[in-house]
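Please go over the structures that come below.
Both of the next two complexes hold chain A, though its partner changes from chain B to chain C.
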Partner chain A sequence: MNLVLAKTDTGRAISDIFAVARDRLPGAGKIADARRQAFESYERAGLPHRRIEDWKYTDLRVLMRDVLPLAAAPDAAALKRAEAAAKAHAVEGARRLVLVDGVFAPKLSDVGRLESGLSIRTLRDVLEADDAALHAQLLAPDNSDAMVALNSAMMTDGLVIEIADGTALTQPLHIVHIASSAQPAAMFTRSLLKLGKTAGATLVESYIAADGAKSYQVHDALVLAIGDGARLDHVRLVEDGRDAFNISSSVVTLGTRAHFNTFGMTSGAGVSRYQAVIAVAGEHSRVETNGVNLLNGRQHADSTLFLDHAVPNCSSREIFRAVVDDRAHSVFQGRIIVRPKAQKTDAKMMTRALLLSDEAEADNKPELEIFADDVTCGHGATTGALDESLLFYLRARGLSEKEAQALLIQAFVGEAIEQIANDHLREMAIATAQRWLEARA
Partner chain B sequence: MSLLEVKNLQVRVEEREILHGLSLTVNPGEVHAIMGPNGSGKSTLSHVIAGKPGYQVTGGEILFKGEDLLEMAPDVRAAKGVFLAFQYPVEIPGVATMNFLRTALNAQRKARGESEYSTPDFLKKVREVAASLNIPQDMLRRGVNVGFSGGEKKRNEILQMALFQPSLCILDEMDSGLDIDALRVAADGVNALRSPERAMVVITHYQRLLNYIVPDVVHVMSKGRVVKSGGKELALELEASGYAQFEDAA
Partner chain C sequence: MAAVQETVDRVRRIDVDQYRYGFETLIESDKAPKGLSEDTVRFISAKKNEPAWMLEWRLEAYRRWLTMTEPKWARVDYPKIDYQDLYYYSAPKKKEIGSLDEVDPEILKTYEKLGIPLREVEMLEGVVRPEGERRIAVDAVFDSVSVATTFQKELKAAGVIFMPISEAIREHPELVKKYLGTVVPTTDNYFATLNSAVFSDGSFVYVPPGVRCPMELSTYFRINERNTGQFERTLIIADKGAYVSYLEGCTAPQRDENQLHAAVVELVTHDDAEIKYSTVQNWYPGNSEGKGGIYNFVTKRGDCRGNNSKISWTQVETGSAITWKYPSCILRGDNSRGEFYSIAISNGHQQVDSGTKMIHLGKNTTSRIISKGIAAGVSQNTYRGLVTAHRKATGARNFTACDSLLIGDKCGAHTVPYVEAKNSSALFEHEATTSKISEDVLFYCVQRGLSQEEAVGLVVNGFVKDVLQQLPMEFAVEAQKLISISLEGSVG
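Then we have the complex of A and B:
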């Protein structure tokens, strides 16, 4: 196999895409330089493949093959279809911020009457403005990962949200990524949410397709900076079209006594990868990161989480559940590093996969690297089928085989879903899981 | 017509025969006790009636209201009125008890062509029954049997029995793991469900339970057969003399 040739091909394709798109990419001077450098990093590496350890189970050269050209800005018809999709996935009571084909859509968004202490701008505006501190934060993600580098080079729009010290938002923020284009295309978005000291917020991200959207690619990145004593509740729901790709990266930093509760559920997209780097950089902070994959057909979904305990007296909990049917493939990679100074770290990770068919596949890779000696750390991973004794109990109570399976699957994923703090969002996640189960029966 | 007729039932688990031609007839309104030492096949009988997989019926038949029970899936049996109170009720984390009860009740009603319960009616009914069994409301919000004590698990079984109103209740070692107070509460719950239309089969190792749930008929099982049947006084006799005499008889 001629890898060099394959890389060159991919490189050339994206090189054209970058050249063509350049005029549409916001930011001059240092931003433009950073884009060029990021692009060069990407070009050197090419699409990640199985020989890159972090991407071992998600070989994008096989699964994605190519990066598609930048999507055109949405026209009126696209926005109309996007609006219908946004309504169907509305989060009650939330402030909706919509990106259509990678471009902020003010008419579909609630940007009026901002609570005091809340600032919302678009990535485009911020990159065009003169704000070195924000630019530095936006460019913080590490371009040594090829897909992050690609996003750094191509990021077109997104939300930059700042919450002032002491402001606790009552209204959840809902960023909705909608694909509408009938032409196969890629969108590149990056958002930043900054919580000041003792601030509080709930952030929901949805990834959905409008009617008629075809084989598109989502390339997203999210930077979360959680200040001292701040709390962020974060829910991401990937419900993209079955022929779509979703490659998303998060970079999270926690200050002192901060609290980050995050939950992700992937039931959509043909191929998806979510990679998060969570740096616990302030003492007495807490992280709960939970997730569920609900997969069937030939779906492939990869969750790769890296928790970095750098300071003492912090705790983290990870609960991950995968339900895998047909010929689908679920990947969970959970890496926890406890650095030498991070004494009294309390870190636990549990990942479980439920295989509903003989051809389903689940790869669980928990990794603990502990360099401190006074810590409580643990991890576990299981893969198996539904418990026969539970199935019989339910059938003896009148549930059909499918109903009994559905209830047990709900129970299985429920352990992760129950960790969502916001009642309404938890109900939403449960409803999404129920829809998946009903579609199965 | 008899409610339950077990005729010459032979059952194997893997290569071993557990029941060697067991017969039993239960009529509506009757309470039967089945006693016997460990390994006599009591629980196997209850599992086969409820339809648990893993048992191979090699001979005989079971008729329920005149229909061939062995041809029915476990959920069909439940909808037709067979209820097994488990010796070891399973824990199902993540499924709230309330949700489980509603799903099960509505599944049974749907199978019988009845309308589903409305939520307020259902909640009212559950709360009533739960109160009568000393089941606190917060237990109903918890996962099915998760963190329940032995007594709570058994009461949860009786709660289901009261809710589903089955015509045949099989109580498998209901007294195992219960102290005397818990036993009394559970037995009161069972007694409240006695009716001329409903029959019960109480499987137990010890006579003690039968002080609280007084049977009409007592059967002694040994080595996969019913070796003796009699009135409630037979249980007392067993308490005094033990099972050894029957093991020889079998």
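Then we have the complex of A and C:
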């Protein structure tokens, strides 16, 4: 393979995209400089490929080949289609914030009557305002990863949400990413959620396609800053179109006695990758990371998690389940690092994959890097098919093959879904899994 | 959980500054000019009286090596190696020896000091040996050449070929040609390619069909000369239904500069054959400030070519400044089995990046990986392993358990497993916590009145003992001293 040539080709195509899009990208001065630098670092690296260790199982040079041009701002027709999609995926009782083709759509969003202590702005407004501290926070994601760098260079819009100290939101926030363009295009979004001391919130993110959306690319980034004693519940549902790409990164930092509970479910998108960097920077904090991949056809989904324990007395739990059918490919990479000072860390990670077809593939890479001696850390990984004897037991009691399988799969993914704290959201996730199983039957 | 005091004391006792084999033997040696070039390769080949095809093979590897770059992915950190500042060939002077009596007495003394029985003393004196006592045939490699191989006659009677590989190239070219480089090709990796170009000696074993090798075979590697690299090459073939157990031990003098050891080991098993390969690696690890020590960059791989064949790797790693080593099994034959048992102890400034690869290609292949890493001082101890099942490997099974123990808060223990399944009937289990080792057995013990901890200790110790019992006596004693460490406070 001629990597040098491949790189220049992709490099050139995207250079044009950046040049063309530049006028539409918000922010001047330092922001524009940061964009240029980020873009240069993306250009140097090009799309990640299998020779880059973190991208070993998700070779974007093969899977994605090119970054598509920046999506045009949605027109009235597009917004109409998006509205229908947003309604179909509504979360009851949540405050909806809609991004259509990478641009905030105020008409589809619910930004009226904000609770006291809650502030919602668009990324575009924040980048164009003069707020160095917020800018620095927005630029926190590490551009050494090529796809993060690309996002840093191209980010067009998103949401900047701030929750004041002591404010506990009762209404969940729901950020909906909708693709509506009939033209193949890419959208670049970045959002920030800042929780003040002892604040509390629930954040739901959905990625969906409106009718007629064609092979689009989602390039998203999320920055979460969880203050001392604050709690964030986070649910992420990837239900993109089957020919779509979803490349998302998140950077999470926790203060002391903070609590972060996150759940991700990927049943959509042709190729998806979610990479999360969670830094536990304050003592006595807790992190629960759970995920489910439900894949079939030729889907490819990659969850890459990097959990960084830098201080003592924190705990973390990861539960990951993958159900892989047909010729789909599920990837889980989880790295836990326990730094020298992080004594009394309690970190556990369990990843399990269920292969339903002979051509399905599951790759697991659970890593531990431990530099402190007084810790309890562990990981487990299993891969296999459904247990024949359990199937037989259920068949013997009159269930059909598919019903028996569905029951076992439901129990299998249930372990991860049960960790969702919000009852309504948990029901939603269970319903999504059920739909997937019914479609199978 | 923190390590218990008893464990800490035991590890301190085997601290790097107490390296027992750090002496140097003063003998004259015959060296190739410093540096590496085609001429060096030709020089080594000529010294060994090699046929033309072998020289060509080496040169091809050398040319390939020039185009390669040193791998950087392992979690080890060392200053750049100047490959032109090494001697690639060093042999004790006085060559062409007919019997052991002609071997330089200084070298014999060296092996005596190391406790390696080169002289078949009892045999010569006609001492009656107790029935069933284990005997071991030894091939001793001193710097670049093999100095003595014992029990040649007895082995010959059984049909087993056990000789330095340099002799095998001359005497059994058809076998060497057929197998050399088929498991670890010359293009495999940077260090294997370098080895293919400049390897000087090593052992060659061929066990004919249906033969169970009558004794343990062993090679003892000793680096003596200053500034030399040691590049040995071992090739072991077990033909249909054959069995052989092979052991390897390594030591080197205490020196302030780092020395390179880049070996290649290839194992081939045909139908129903079995090879058991054990290593006690105790190269000089450097002093307590991290000065000196051996860079141990080794490629070891076994190929279960035949059905129902088995390859088992056992390693006790205590030495070397840096270890970069992944004994692997390619499970090609149906129902073949691969095993990897490892105990890796790092102390002082040692860096270990070791593990295994189990590549399941055939049907109903099984593999088992048990790895115990113990890190103390300011060392870094990494387990890196790959388990993969290909599309056609129906019924593949793997069980992996890797546990690490940290002693002190300045060292690090890391686990980097890769688990890749491309077949739905493959069943892979990977565990990295002591408490999770076979819940059933634990339950059984607890039910009979043992505490949870006692039960874990029983299960784990029972297993470690099993590994040790695989080793021959003199190795087992040494290894036991090194690893009789409480497994309390393990982290996965």
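Methods note: the second predicted complex is superposed on the first by the 441 of 441 C-alpha atoms of A that agree within 3 Å, B and C clash if a C-alpha of one lies under 4 Å from a C-alpha of the other, contacts with A are read in each partner's own complex, and residues count from 1 in each chain.
We adopt the following convention: contacts are C-beta pairs under 8 Å (C-beta built on N, C-alpha and C of every residue); 3 or more make two chains touch, one makes a residue touch a chain.
As the structure is a prediction and not an experimental result, all values here were calculated from the model.
Chemist: Both complexes share chain A, so when I overlay them there, do chain B and chain C fit or clash?
Modeler: fit
Chemist: Where does A:418 make contact in the superposed view: on chain B (first), on chain C (second), on both, or on neither?
Modeler: first
Chemist: With the two complexes superposed on chain A, say which partner A:395 touches: chain B (first), chain C (second), both, or neither.
Modeler: A:395 contacts chain B only, not chain C.
Chemist: If we overlay the two complexes on their shared chain A, which of chain B and chain C does A:407 touch? Say first, second, both or neither.
Modeler: After superposing on A, A:407 lies in contact with chain B but is clear of chain C.
Chemist: As a test of reading the superposition: which chain, chain B or chain C, is in touch with more residues of chain A?
Modeler: Partner touching more chain A residues in the overlay: C.
Chemist: Could you tell me if A:93 is touching chain B, chain C, both of them or neither one (first, second, both, neither)?
Modeler: neither
Chemist: Look at A:212 in the shared chain and tell me whether it touches chain B only, chain C only, both, or neither; answer first, second, both or neither.
Modeler: A:212 sits against neither chain B nor chain C.
Chemist: Between chain B and chain C, what is the tightest CA to CA spacing in Å in the combined model?
Modeler: Closest C-alpha pair between chain B and chain C: 15 Å.
Chemist: Could you give the residue numbers on chain A that contact chain B in one complex and chain C in the other?
Modeler: none
Chemist: Can you list the chain A residues touching chain C in their complex?
Modeler: 53, 340, 343, 353, 355-385
Chemist: List the residues on chain B that touch chain A in their complex, please.
Modeler: That would be residues 50-53, 73-75, 77-79, 83-84, 86, 89-90, 92-95, 100, 103-105, 107-108, 111, 143, 160, 164 of chain B.
Chemist: Could you pull out which chain C residues touch chain A in their complex?
Modeler: Residue list for chain C touching chain A: 1-3, 73, 391, 404, 406-433, 436, 489, 491-492.
Chemist: Help me check something: in the complex, which residues belonging to chain A touch chain B?
Modeler: 388-390, 392-401, 403-404, 407-408, 410-415, 418
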